[in-house]
Each structure stands twice: as structure tokens, then as C-alpha cells.
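Okay, so subunit A shows up in both of these, paired with subunit B first and subunit C after.
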Partner chain A sequence: MVLSAPARVRHRQHPPRARRRVLYAGLSVPAILWLAVFFLVPFYAVLSVAGGQIDGIRGTPIPEWNPLIWSRASYHAVFQEFSGTGAFLGPLVLRTVEYVGAASLLSLLIGYPAAYYVSRFATKRKGLLLGLLLAPFWVSYMMRMLAWIGLLQTDGYVNRILIDLHLTSHPVTWLGGKASTVVLGLVYGYVPYLILVLYAGLDRIDSSLLEAGRDLGLGRVRTFLFVTLPLSRQTIITGLLVTVLPMLGDYFTNVMLSGATNTSMVGNAIQGQLQSTTLQTQGAALSLLMLGVLAIPMLYYVVATNRASQAAA
Partner chain B sequence: MITATTSAPARRRLLRNPWRRPVFLEGFTWLYIAWSLLPIGLAVLFSFNNGRSQSVWQGFSMRWYTGDPLQSVLHDPTLHAAIAQTLKLALFTTVIAVPLGVAFAIGVDRWRSRPAEAANFVMVFSFVIPELIFGVALFFVFNTMFTSVHLGTLAETIGLVTWNLSWPAIIVRARLVSIGRQYEEAAADLGATRLQAIRRVLLPMLAPAIFASAVLVFSGVIDDFVLVNLLSSTSKTEPMSVLIYSNTHGGNGGPALNALATLMLLFSFVVAIIGFVGYRLMTRGERTSTDESLATFAGM
Partner chain C sequence: MGELPRPDSPVTLPTYADNAAIANGLEPETGATLKVFNWTAYINRAVVRNFEKRYKCKVEITTFNTQEDALAKLNTGDLQFDVFVPTVDVLSSLVAAKQVRPLNHGYIPNIHQAWDFFQNPFYDQGWRYTVPYTIYTTGIAWRNDHVSGSPDQLENPWSFLWQEQYRGKVAILDDYRESIGLGLMYNGETDLNTPDVEKLTAAEQALLNLAKLTSVHIDNNDYTNIPSGQMWIHHAWSGDIAAAEYYMPKGVSVDTVSYWFPRNGRGPVNNDTMVVLAGGKCPVLAHLFLNYFLDVDNVIENISYNGYMQPIHGVTGPRLVKEKLLPPNLTTTVVLESDFPRGLRELQISASARQVWQQDWLNVSRGV
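Entry: the complex of A and B
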């Protein structure tokens, strides 16, 4: 009798599971509906445009809403641009992979040491350093590109310094079709995001593990190689995903810093196809193909972050 | 000879000292910081240049802010329109996305069911999808399906809300996980209904996370480019980032753009500082360090 009293009280005060569920489900329903209508439905629309046709007279796309009779013509059109004479997509994809590969590797080489230093060694000035590392995050991307456009002008500071150091005799045309400029732009644009992820991951490494490495006689370099680096593998992968995925869809860095067709990337092709209504079905098909290829790394990211948040719980 | 033989072991000992300062790493980090911030500093500087050049200093002037009767930020109506559009979009998006995302986070975290997991999956997916691919999808849905939504402010707002919804959802959810359920249960034991427990116990505890996510959404909209570029229709609905982009491609767009970008920068920093200080005040009672608060603001 004595024991059952609190049990009864609890029973009265906690509403039944089903009712609690209704409340929580109700809280999440608005956002779920929003996502369904404005995130999932739009992809159905892209599929319908890609599976539809172009109006012969007006030149605008006519979407096909019935999935059963989606045409594959626009995907064929895209595939034909991959190889053969006059195909423009093949080289574009190759170039995109090259630029993004080079840019993300450089970002890692620049970002890792900085994130490592701030997370491990900056004791007194950690707040200041972290603030400075995060500062670019608060500066608009366009402004950061604008800054480099100023520096890279024919009579800009970069050329003047190069001439003063006798590294070049006449000014280099940096803006207007230079691969290295585009890669630099990508690195400059995306490295803060990478540093953020790397810092968060490196900061979470238990320092007693590093001390254990030291106590067992490892030097600083070998502690890094055998303890820190393996422990930060997951962070590196996540960080690279966070930078590589948006870089692959980037078209503005290219337009701002080059604007020439010889440095175009896949993003530029998609964006260009949207501009002309007759090419819109192809643009839809190309962006879907891109999504298909990127779905694997994206899913990996979702699963990995899920696992990490479950581990934290 | 003698100095060489004595200095070699000494040098080795110096190299072995595990507590020595990592001079190379430190220098490298400062070099990186200089590289990342100096160009921005110069761009700000040249917005005060008394001339069109982006590379030759011709003296200090406020010409591009207020002086020039046609091209200064003060007098050029297209620049005004861009600033107004940016602020409008940032405000609309924050006001819609934050409540939606917070309710979603609470609901999904406490609901724990298959539909909740599926919804959360879609939410995280929307976080990592390249913005261009999502932008293309929205472009087509507004052009072919929801044709009553014309490209322009409404389309931009819908796109930005969807794109930024994951900030409050993810940040608030992370906070919920660390809070646990015991506070709500205690409130329920003391006689509160579930809704009361959420409103009077959970929401105050979540306030810093909600605030941080609002600041992130707001600044994310100010910085956004791809969606607004694809979904804006006329020059009237182009925010600052699109204006800078469309006036610069591959060349000098004029220092008025630098002035505009500087104002945008100033604005972002004000938002960041308000956010940071506000967050510190809200978490006063807790033992959070400066860098932890900074980290929250970066969305970590």
C-alpha cells in the first residue's frame, strides 16, 4: 500500500504515452510539412522537368508530371556531351575534379596545422586566435572575392610585389582564365569552414591520450603521427566533405575570378543551362546526375554525424 | 670545432624538450591569419580611396559612401534597394525559420519514432546538399509547379527558410541531448503539464541555443548568394551579394561596391558581437569558456 502511492501519483501526473506523442509529433509537424513541400517536392519537379519536353514553339520546358512516362531524352543529351567531338561536359567534369581536388588538398595542408596549433598549443591567447580564425566566417563570401579581385588586378599589389621581388618582369594577368587563380579562390573561400570542423574535432581529443603517448617515450612528431592523426581521421573526412560538397556546386568563385570558359566547372554549366529556357531540361538532368553521384558522400556524412551525436548522448 | 661538438647534443636536447613552443606551427598559424584577413583589410581601405582604382591609393575620402552625387552608397538607389532587400530577407527568414526549427528539434528529439527519424534524416540531408542543386530544384518548382509564387522576395524567402531551417534544428537538438529529460520529468512530477514543462522549463534552458541559431540564420542569409541569385527576378529583388557579383565579374566594379561590402561587413560584425555578448550573458550561470561560446557561434 505504501509503495503504490508514489506509483499512482506518477501515473496520474504523466499523461499516457500516446498523448505525449501527439504533442511532440504536433510540434514537429509544421517543419516536416515545410520540408516536404519545399524540399522534397522541388526534387519531384526537377525530375518532372528532366523527364519532360521542350515546347517546340515557345522554347520553354513542359514538365511531365506522370513518373511512368518520364522521358530519358535529356539524360541522353547530357551523356552525349560527355564524350565524342564537341562534347563539352567531359572535360568540364574532369576540370572540376582537378580544381576541387587541388583546392581541398591545399585547404587541408593549410587548415590542419592552424587548427592543430590553436586547439593544442594556444593556451593563453586561445580566445583571440579562435576569434581571428572565425573572423572570415563573418565576412561575406562576395566581399572576400572582391578583395582578391582588387589585389590581383594587372596593376594590383600581387603583381607589384612579384615585380619588386624580380619574380616576374611584366605583370601577370591573374583575372581572366587562370586555373591557379580559381583554385586559390576556392581555397580562400572554403578553408575557414574546414578549419572550423578540424578545430572542433581536434579540440575534442582527450589530452590524456597524448600525454600517455609522451609518457611512453614518443616525441612530439611521433605522438602526432601515431596518436593525434589517427584520432582525427574521422574529423578530416567530415571536414573535407563539408568543403568538397559546396565546392563542387560552386560557380560564382569561377565567374568572379576568371569568367573565362577555359576554367568553367560543372556548376557553371548547370547555371548556364538555366539561363536559356531551351537548355533547362538538360540543366535539370545534369543537376540530378550530380546529385546521384554526390548522394553517396552526402549519405556518409549524414550517417557519420548521426553516429557522432548518438555517441555524445 | 669545439662549439660544434658541444652544441650538437645541446641542440638535440632542445629539440627533445616536449614543452617547448611549437615555433613553426605558431608562425604558420599567424601567417595563415594574415593571409586570410589582410586582403579584406585592403578592400575596406580602398573603399575610402579618393579615386576609382583598387590598387593605387589616391588619398582618403568618403566619396564612395556619401560624397559622390551619383555612385556613392548614399545616393545610388540600386545600392539602397540591395541593402533593404538583404535586411528584409534576413529578418523574414529568421522570424520564420527559427520557431519552425526549434519546434522541430523539440518534437523530433522527444517523439522518438520512425517518422521522427526519417524527418531528421531529411533535415540533415538538407544541410549537406550542395546549394546549387537545391537552388535548381527550387527554381524549377517555382517556374513549373507553384507558379503563383513568382521569382522574387517570396520565392527567395521560402528558399532561404528551407535552406536555413537546419541551423536551429541541429543546434537546438544538440543542446536538448545534453540537457537530457530529467528537468522536464521533475517539472511533471511537480504537477506541470507537458506543454507547461516545455514552455516554463525547457525553453528557458534552450534560450542560448535558440538565440545562437537565430544569429547564425540571420548572418547566413546576409552571406547567402546561390539561392538568392537563382530566385531573384528583377534588380529590385537582388540583395547585396547578388549586386556585388553581377557588377564585378572578372573586373573592377568600382569602389562603391567596396563601400557597400564594407557596410555589409560592419553589419555582420555588429550582429556577431551582439550575438556573442548576448550569448555570454544568457549563459552567465553556466561554466562556459570564451572559446566555447565562440564555437557555438560558428555552429560547431
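Entry: the complex of A and C
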């Protein structure tokens, strides 16, 4: 009896390999359909618009669905915007990298200590603090940016406080095309995502490893530097990817908090092209080029994750 | 596409057998929802509510911020709006694509309340497809409590925007026709429909200099940004500034707002139109809606919110001031019938010219 019962259980738990394959394949059907309908089809449409023409009368794009005759004109036009006479994309790319780099660094400096505190020291208040971290998601991104407009406008609270404290005699034009406002807007918009990812990773670090570090004579700071930080490297990369990728394509923060040409980013250029009927093929081409560039860190992430998994195994 | 409509070259828009006007004598659709596709904050909901009561229907208003946005949405072909408010320069495209329905004049007797110019406009001879909606000039608005002087004091009045000392406080309209047009006028050009690449490149350069000099802001919020003081000088539409009083912060007088348009009338003067869309489900109600917004009493009530004048007999500057719908210091926003023959019109341009205009604008705006 003792021997036969586990055997029956094993038999019930593991159906034949062929059936298991069908079952697992079936489970993936909804995701495959979802991807096909909401990613592959639109992606092919973007490719077709980029490879298509502009209607000579209406000035609207005509997608070319046959990949064999896709035109390269819109890609050529985008490269002209990098290096031609009316070139303006180069500075925008540099500015985008600068803004996103600064915003990511600031987000990390703000987000890491917050996530670290919640995961290691919050104890009984962990639920409350997690709720507070999720609070920004209860309000839409647009509303959060609109709130900042209220705070930063000429007679807003920020200027009133600065004047009351005699830190400035005239209101600062925060919304008049300041790079710092756009960077802070990006940080404000995306730091909650980073904190959540960092928290999830830091919370999973085995506390016995930290205790081992302490037992081997490391102080708090050195334990953090030589144990916690290396163990959270993968989490930091994941968190930064989650925030950097959308930041690179962000246009809305800039429109809301600046609206000036001197802070424009690549996302704004794409938006501008897509809003101009005769430039929509160029907008599609620039979107695809950007996708190609963003695929590089994504691939790095996949490779790094695989390596980490193999090392852990 | 045929000849481009111009005041000296009027155009009769074609009709098609498979896109006919509705028949005479039809009853309005009952219990229906009329779908209106309009610019943001461009109609008085109180007037719309009165229309709903009178014709026992619902009116659903969907808004857009730029003409390009609106056309992109319409071109998807999936939307079933009944009424649309386009600018004049896109009419031929809409007609050629059979997106607008020819009007049955029998449902729109109020057309006779419109200025004569609009009963047979050059862009739509015989008003086959359009009735006029708003009229406006494009000029410069500024806060006179922050900015000294006025455009009239300058040799080139349009250079009033090119003032470095107001960096961060200068804005231009987010509209490629208006803003490239501004660059052209700054350079002394008066043809605001030019396909000339050299002139357009020069206009682009003038605007790039403006951006460098003032960190120029690009938006269509002249109606709030000037009253609030967020911007001190704004390339602006007359109707937006006429409504400034409703957006002034507490304790700040509307007297601090000024609006300039060339005294000789040689500035942009334009009108928007109302059309019935072919894909709509309530064509009779749509006709009645157009007729409703041509009645002088409804027009006055509409202006009380909208600020934009309509070309209707009896709607005059003195009347608007008398009825306290327009502050006396902003009578420069009033549009006269005589402004139309002498003003500069932004009209339809060819697709290839439009591509040049839009590319130049993208180079200036960087998509903001």
C-alpha cells in the first residue's frame, strides 16, 4: 500500500507527453492570438505605411501591403532629417539621451532607497507603504501632469513659496521651456514603476546571505555594497528597462510641461510627423528605426537574464 | 482635383450621383443622437441644449485640437459624425472623398441672415456643401501690464513676437498654416498659400530664429495662456482673445489684455464652416443644426461663450460691447465684412505644397 499509492498519484499527475504538449500549446493560444492581433498586425501595418506612398491629391498615406515593392523613400527622408539641409533630428536624439539618462539616474537615486527601505525595514508597515507606492497609479498620468502645471505655473504654489521665502523676486517660468522641468516631470511620471520593480527584486534577496556577510565581519555599509548591491544588479537593469524604454518614446510630458521647441525629444518628432498627413510615412519609418535601436537593450536584457538564470542553476 | 479655389477664381464644388442631398420635406429623426465633430471649446453648450429641447434629440459633441487630427480621424472611415466644422482649405478634399453630403437648401432658410459674401462664397459657389460658422483674424495678443509698446509702434509689427527680453513668455499657434504664415508675413510676404520653396524656407528660418531668441512655446491655448499670464505675447486668434474676460484670474482686469491686427486689414482673415457628413445617421437633424446656428439670437448666445463672431447680419462690434459680450479694449478683435475682400486668406494648397509646408513646420516645431 505504501509503495503503490505514490505510484498512482504520479500516474495521475503526469499525463502522457503528447497530451501535455497539446495542453501547454493550448494554454499559449490566447497569448499568441493577442500578440497577433495587437502587435504583429499593427506592426505590419506600420511597415506597410513606411514602405508606402503619399496620395498625390489628398496628401494622405497609402500603405503598400506587398513587401516586395516597399519603398525606401520615407527612410531616406528620415536620414535626411539627420544629415540634410533641414536636419533637426540629431540634436533631438542627443537631447533625448541626455534627458532620459538624467531622469533615470535621478529615479534610481530616489527609487532604490525607497524600495530598499520598504523591503528590508518596513516590517509591519510594509502593506501601508506598498499601498502608498501604488497610490500614483490611482490617478491617470495626464491628471498627474496637469497637477504639476497647477503647481508650476506663474502664480502657482511653487513660485509663491519661493517668493515668500525670498529665494526669488520674480516668478520663475518653470513651464517656459526648461530642461529641468521636463527631466523632473519624467522622473515624477516613471519613478513609481521603478520602485515597484526594485521592491519586488530586493524583497526576494535571501536574508541568510546578508546574515552570512555580517557573520564574516562586514559592516552594514560593506554588506550593502558587497552583497545586496551585486544581488540586485539584475533587478536594477530590469527596473531601468521598464522605465527607460517608455521614457525614450515619451512625448506627452514634454508637451504638458514645456511645449517649447528647445526641449523637444524624439517622441515629439514622431508625434509631429504622425499628426501631419503628408509626413505620416516618415513618422512610421522613424518609429521603426527607433524600435530597432531600442531592441538592442532589450536583447541585452534577455541575454543577461539567461546568464543569471544559468549561473543560479 | 481641379482648380484651387481663390477669391479671383471661384470654385463650384462637384456633386456625385452616389452622394446626393437628402430629399425635401423629411421629418427630423426622432429620439436620435446627433453627433457633432468640433474644435475644442468652440460651441456654447447652452445653445446646443436648446436645440436638443426644440428637436427632442440628443447632441453628442466630440472635439479635436487641430485640423490635421480631425482629418486623420475622419479618414479612418469608421466614425459616423453628422456635423463637422472644417476650415475652408480642406473642403475640396472632403468633397472629392465624398465625406461631406451636399446640402438641401430647403432645410436652411436662415442662410439669408448671413452676410452676402457667405451666401455665395468663392470656395463653394452656390453654398452646395457649406454654411459659414465662425470668422476670425489672426494677430498678436499680449499682456500690456508685462510687455511695453505695441506692434503698431514697430516698422515690422509682426516682429513684436521676436523679443528676447520676454524669453519663455512668447508663444505661437500650433497650426502649420498659421505659423508658417506668420514667418512669411514677418519676411514681408503676403501670399499665405505660396508653394515657393525659397520663401517657405525663409519663413522656416525666421521661426527658427524666433525659437532660438525666445524659447518659443507652441500651443493653441491663447485663450487661457494670455489671461492667466502664463504667456505674455501670443500669436492669437481674435475669437480666443475676445473671450479673454472669462479666463482672467481673480483680481486681474481684462484691460491688461491687448490684441493687434494690421490696421490696413492686410493680415490673415478666415472663416470656418459647418458641413453635413455623408456617413452620419441623422442628416435631417444635421441640416436643422446648421440652420439653428445661423439664427441671430442663437448666434449671439453662442458668442457669449465662444468669443468667435459669426458672419450674421446684426452681429456687430457695438452690439457685442453693448451686450457686454466684448470688453471695449478688445474691439480690435471685431471682424468686419470689409475685412474679407482685403484680408489675407489661408486657402487650399496642393498636396505637394502641403508636404513642404508641413515639413518646414516640423523642422520648426520639432513635433511639440
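Just so we're on the same page, the second predicted complex is superposed on the first by the 261 of 313 C-alpha atoms of A that agree within 3 Å, B and C clash if a C-alpha of one lies under 4 Å from a C-alpha of the other, contacts with A are read in each partner's own complex, and residues count from 1 in each chain.
One rule holds for everything that comes next: a residue touches a chain if its C-beta (ideal position, glycine included) is under 8 Å from a C-beta of that chain, and two chains touch if they have at least 3 such contacts.
Model, not experiment: these values are computed from the prediction.
Engineer: Should A:Leu279 be classified as contacting the first partner (subunit B), the second (subunit C), both, or neither?
Structural biologist: Touch partner of A:Leu279: subunit C, not subunit B.
Engineer: If we overlay the two complexes on their shared chain A, which of subunit B and subunit C does A:Gly56 touch? Say first, second, both or neither.
Structural biologist: Second partner only, subunit C.
Engineer: Is A:Ser264 touching the first partner subunit B, the second partner subunit C, both, or neither of them?
Structural biologist: It touches subunit C, and subunit B stays clear.
Engineer: Looking at A:Gly101, would you say it contacts subunit B, subunit C, both, or neither? Reply first, second, both or neither.
Structural biologist: neither
Engineer: Which holds for A:Gln153: it touches subunit B only (first), subunit C only (second), both, or neither?
Structural biologist: both
Engineer: In the superposed arrangement, does A:Leu92 touch subunit B (first), subunit C (second), both or neither?
Structural biologist: A:Leu92: touches subunit C, not subunit B.
Engineer: With the two structures laid over each other on chain A, which partner does A:Tyr251 touch: subunit B (first), subunit C (second), both, or neither?
Structural biologist: So A:Tyr251 meets both subunit B and subunit C here.
Engineer: Of the two partner chains, subunit B (first) and subunit C (second), which one does A:Ala114 touch, if any: first, second, both, or neither?
Structural biologist: It touches subunit B, and subunit C stays clear.
Engineer: In the three-chain superposition, say which chain, subunit B or subunit C, touches more residues of subunit A.
Structural biologist: B
Engineer: Return first, second, both or neither, reflecting whether A:Leu175 touches subunit B, subunit C, both chains, or no partner chain.
Structural biologist: both
Engineer: Show which residues of subunit A both subunit B and subunit C reach, each in its own complex.
Structural biologist: 153, 155, 175-176, 251, 255, 258-260, 267, 270-271
Engineer: Would you pull the subunit C residues touching subunit A in the complex into a rising list?
Structural biologist: Spelled out, the residues of subunit C in touch with subunit A are 1, 66, 68-69, 71-72, 75, 93, 96-97, 167-169, 171, 176, 201, 204, 211-212, 215-219, 228-230, 249, 351-352, 354-355, 358-368.
Engineer: Which subunit B residues qualify as touching subunit A in the complex?
Structural biologist: Listed in rising order, the residues are 16, 18, 21-22, 25-26, 28-29, 32-33, 36-37, 39-40, 42-43, 46, 53-56, 100-101, 103-104, 106-108, 110-111, 113, 115-116, 119, 121-126, 128-134, 136-141, 144-145, 158-159, 161-162, 165, 169, 173-174, 177-178, 188-189, 191, 193-195, 219, 222-223, 225-226, 229-230, 240-241, 244-245, 248-253, 257-258, 261-262, 264-265, 268-269, 272, 289-291, 294-295, 297-300.
Engineer: Which residues of subunit A touch subunit B once you look at their complex with the stated criterion?
Structural biologist: Checking each residue of subunit A against subunit B gives 10, 13-15, 20-21, 23-32, 34-35, 38-43, 45-46, 48-49, 61, 63, 110, 113-114, 116-118, 121-122, 126-127, 129-151, 153, 155-157, 160, 175-176, 188, 191-192, 196-197, 199-200, 203, 214, 219-220, 241-242, 245-246, 248-252, 255-260, 267, 270-271, 274, 280, 283-284, 287, 290-291, 294, 298, 301-302, 305-306, 309, 312-313.
Engineer: Can you name the residues of subunit A that touch subunit C in the complex?
Structural biologist: The contact residues of subunit A facing subunit C are 54-60, 86, 88, 92, 153-155, 173, 175-178, 251, 254-255, 258-264, 267-273, 275-279.
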